[in-house]
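Before anything else, here is the set of structures, which you'll find just below.
In the two assemblies presented below, chain A is common to both, partnered first by chain B and then by chain C.
Right after this comes the complex of A and B.
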């Protein structure tokens, strides 16, 4: 993975040492720096790199009843790429990403801009209320919305019946993905809003001055000053959302209990991988699925960042 | 966390405020009624589910089905619900709460310490391999952690560590995003001349980190700590696959288990009110922590999101 514009904290690295220092002092500092890094990288290697390599290794084997584990090359990958269950799950999270993420981030940006304009009463309370769902674990959020959607004592169904709409079915195979999008939106709008809002609050005043002289209104100010200024923060939320939506797990696995007909065991790739590994005991195939999912996420993140970089360059050329 | 003094919060966390005041048009004076109404209507969407959860926690099972969800009805059964919640299966709910607290605080402390040391080294030292190591850290932000859960599980089971608290805590110690945040934060908050002065005084690098670095990193520390805390607190996938014994479960896995017992057993419908009350009780600690620690989120995030 190359450096991303959203994440690279790269700034000019000023040497901390005055030139007069001897190289032995420099070496001492190098040693100190490595010692500071050591604990993190020990855990980094054992908990990220080793499992990643191990997953890659596992995915190249298959286990048979007779003969045990044998080398299979890319057979697991070939199987995954033609497995309608995996591809279906991938399509579902892809659809989820394309539909839910723009809605969620659009709402988050709208709220962040609205709060930053300081034109609403009770901004502080509004900010806190919108942010609060982030404190709710996905498990609890899903349980709760599961009840809210429920046809019996769910308040949405109660209200719909009271005004004569009949009982809406949020848990049917056709609507479950939308219901899931709503749960995730509810959980994460506030989180993304806070990232964008924090970025908005630290836009330097100079940036506003030109717009102020122009007499720009709030909308133009937002469009031509604020949004460009917080682009790195927005990119950060996009990357986090890609990762989040492609590895959906808690939501489908809990909704499965109340909507077993709508949630198949391969509803999302991650849920599929879990079922393969722990129910079907197909560890090697599950490892290939996990690895492929990781590749898909990396590729999507990369493409999104690349297109953003291109756009930035193009705009710079235009201006 | 003892290094947290209010001065550093004001100087590094609140630096956005004075800049804001420099703006000549004062938007505060021009309130918009339309925007106020619109935003408060939106707030309903975020708050009503939680309100429903609270109201439902006060109802017994019969009232859950027979009364309107968004308002109180039937007997006020909150105390009975709490009683049955904390006595179900010999008080295992309390055990789950304690487990969650233990896992998330331990993991968050560890992750914060590792991320702070690494972020500080990236921000304040120049050494061979710095670029490569930092790029590796950034790349890791994009590795889907759940893709790693399965191989991690297999490795842990070979080491005999599954079904122990370590299986949940150790993988949660890696926080590449925390390293990134700390690097950006340390670059801003710690003046190089302070470090130079300490070196001239003959202080060793570790003493400088402890006495100068940590002191100035206060708000950044709290931000990274809170992020790791919430991440571990809310984690479901990792403990689900790592743990077998229900007395080791964190609250997320425990509640999910209660829920599936409730919806599977037609006769054990009394469990619905227990699950709902349990959900309500389980979110209280974090919601309260959010209310009190709000400003840290922002000050830390401000540096993370902007300087990218």
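Right after this comes the complex of A and C.
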């Protein structure tokens, strides 16, 4: 992403034109551009900015069932930062991110490379099959897996019993996070694979030819050409995954019905916020939790991106 | 084209403005619950002949049939029935609408335990000045006390769930038990016999089912909750009485004589149908529910009273049931009240609810109607199940109360007691943790805790 010197030089050479000459035509164009952008901004402001500001405003108050609303400053934030339920949930999704995301993206990358190498027969059909779970809504997927995990009548448990392994308990407090990782992986491998696959398809063929002339095999090709070439795409999936795992909600809220002992009210920060708002009726505190979660996600995404950029720069300097 | 674009822009701006208004209009209105002078018959006649539109939020299936009877009697009133969800989602939407100050229905279904949470913020209309206090004799005492714990009347009772014991006669007979257990001691003995000789559990204790456990508390005379209608709540979930009940279940769970599956889930439905559980300690709405769930076992089931703590006693508790309340924000309170009253008080409508929707009635005239009590049920071997539960209903303790934050009570039950049940731990000890959480929450919310 370096600026070519030719380009910047050219810009400096441009004569500075008197403003008035372009203004009427330019202004018309500008006006048209703003007009086209207007619908987006109206919706953006009313549906995103206003609610966000309102939530921020709410988070600064304290509302009691007796006594009503009072201004509380940052008391809700201070409470959240010492709330073991919130921090525990944050730790849980952090663990989820550290364990599940590498597995999921690793699988996605593997599938994308395998499909791209054109070695696999019927690659179009396979691509579709891997992608299909993403088309299943998260709610349906969770309900389906909930049935598969069932200890008495779930097929996995029945097979395990028939083979003599006893009944595995996928829904116990100790294993529920793993079971959830499995569901999310199943859901999103295809989605991430498609992003990586699309990036792989746009690598210019000359690079492959050059590598082949240098005597590179398929693995070497994948490792030294393909993966570096699609690094921006991989980065994109990482960022999406950070947001996805820190915002886990549908899975715990649905699994709660069949495994209420394993899923506590504060299992994930989002689920905690939801319960705070609608069960505990602590709307203001829930708003503070939501804001903090947003900040955490922004920070983690930024740190990941920054470290990647740094690595890229370092590698460039080395080469 | 230009015009259209302008119109869209205007509409969008209009939308933005109205959202802004919505946001600023979010402070709860405090003008409710006041009781103006009594409503005269003239007022009622005028209200019932003036064309009026009412909205009614309920999740009772096919309640349109009863509403139709009402509309036939009062053609000027047009009722829209809306099902916005069952239980929690229903209350969430109701609370949001109340907070927003618009969009709330005129009449809403409210379960008894949630009435105080709506009384708390003056969301319900006190029905005394509309003549509701005259209805008290029409309902069984304990049900009336649920909607009218003091002088005010907050709703009209619709259905109740006095608790009884449904059991598989065939499985118990295999274990040599021919009579349903009369006391809880007998029940424990029977549980052992059933487990040893048939492998079935005598019943299932829903691991996270607070309603069932609170029903057991109710039967044992435990008074875990209280609310004075203002700012004082009583929280006493770890009293000696509650501990006695909790220890009883702990012992059965630890001996593996009772299962602790989560109820109202696939596993549990299957368990009822395939004999994993030889019985179900449930409410008066249970018999019909079971009939739909375990069709293949028709004729094998019987109904009885709950086992008793003292031999010879006849006491029961309640689990579930609903009432219809009028929102204080209703613009047509008279018509709304007449709707709630008609549906749950008119004999034809109440009989329909009891015999077609199978809601167990709190209304005395239905409980005495032969067309209801003399019904024989084949699923229960020809037993008159309605008659049995009508008798049980007379034995429910009349003085049981709630706190205005039962959602929180139930959700912390799941956290503190539910996990202990699953781990086969000591329930009596877990009651302390539950108590602590509830007291802490109540104090943080500004209540005085007794």
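The rule is short, and it goes like this: the second predicted complex is superposed on the first by the 293 of 319 C-alpha atoms of A that agree within 3 Å, B and C clash if a C-alpha of one lies under 4 Å from a C-alpha of the other, contacts with A are read in each partner's own complex, and residues count from 1 in each chain.
Rule of thumb we're sticking to: contacts are C-beta pairs under 8 Å (C-beta built on N, C-alpha and C of every residue); 3 or more make two chains touch, one makes a residue touch a chain.
Remember, predicted model here, so these are calculated numbers, not experimental data.
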- Which holds for A:96: it touches chain B only (first), chain C only (second), both, or neither? neither
- Query: Which of the two, chain B or chain C, is in touch with more residues of chain A?
  - Reply: B
- Message: Output check: A:249 vs chain B and chain C. Expected answer is one of first, second, both, neither. What do you get?
- Response: first
- Message: Once chain A of both complexes is superposed, is A:257 in touch with chain B (first), chain C (second), both, or neither?
- Response: both
- First (chain B), second (chain C), both or neither touched by A:173: second
- Query: Given the touch rule stated above, what does A:148 touch, chain B (first), chain C (second), both, or neither?
  - Reply: first
- Query: Is A:69 contacted by the first partner chain B, the second partner chain C, both or neither?
  - Reply: second
- First (chain B), second (chain C), both or neither: which does A:267 touch? neither
- Message: By the touch definition at the top of the document, which applies to A:278: first (chain B), second (chain C), both, or neither?
- Response: both
- Message: So in the superposed three-chain picture, is A:43 touching just chain B, just chain C, both, or none of them (first/second/both/neither)?
- Response: both
- Go through chain A and flag every residue that touches chain B in one model and chain C in the other. 39, 43, 50, 54, 147, 152-153, 257-258, 278
- Item | Residue ranges of chain A in contact with chain C within the complex | 38-39, 42-43, 45-46, 50, 54, 64-69, 147, 150-153, 173, 257-261, 264-265, 275, 278-281
- Note on the structure: Per the touch rule above, chain A residues touching chain B in the complex are 1-11, 13-18, 28-30, 32-37, 39-41, 43-44, 47-48, 50-52, 54-55, 58, 107, 111, 114-115, 117-122, 126, 128-140, 143-145, 147-148, 152-155, 158, 186, 189-190, 194-199, 201-202, 204-205, 208, 212, 230, 232-233, 235-236, 239, 243, 246-247, 249-250, 253-254, 257-258, 270, 273-274, 277-278, 283, 286-287, 290-291, 293-294, 297-298, 301
- Item | List of chain C residues in touch with chain A within their complex | 8-9, 12-13, 15-16, 19-20, 23, 27-28, 88, 92, 95, 120-121, 207-208, 231, 262, 265-267, 270-271, 404-405, 407-408, 411, 414-415, 418-419, 421-422, 441, 444-447
- Listed in rising order, the residues of chain B that touch chain A in the complex are 15-16, 19-20, 22-25, 27-28, 30-32, 35-36, 38-40, 42-43, 45-47, 49-50, 52-53, 56, 64-66, 68-70, 113-115, 117-118, 120-122, 124-128, 130, 133-152, 154-155, 170-171, 173-174, 176, 179-180, 183-184, 187, 192, 195-196, 205-206, 209, 230, 233-234, 236-237, 241, 251-253, 255-256, 259-260, 263-264, 275-276, 279, 282-283, 286-287, 289-291, 294, 297-299, 301-308
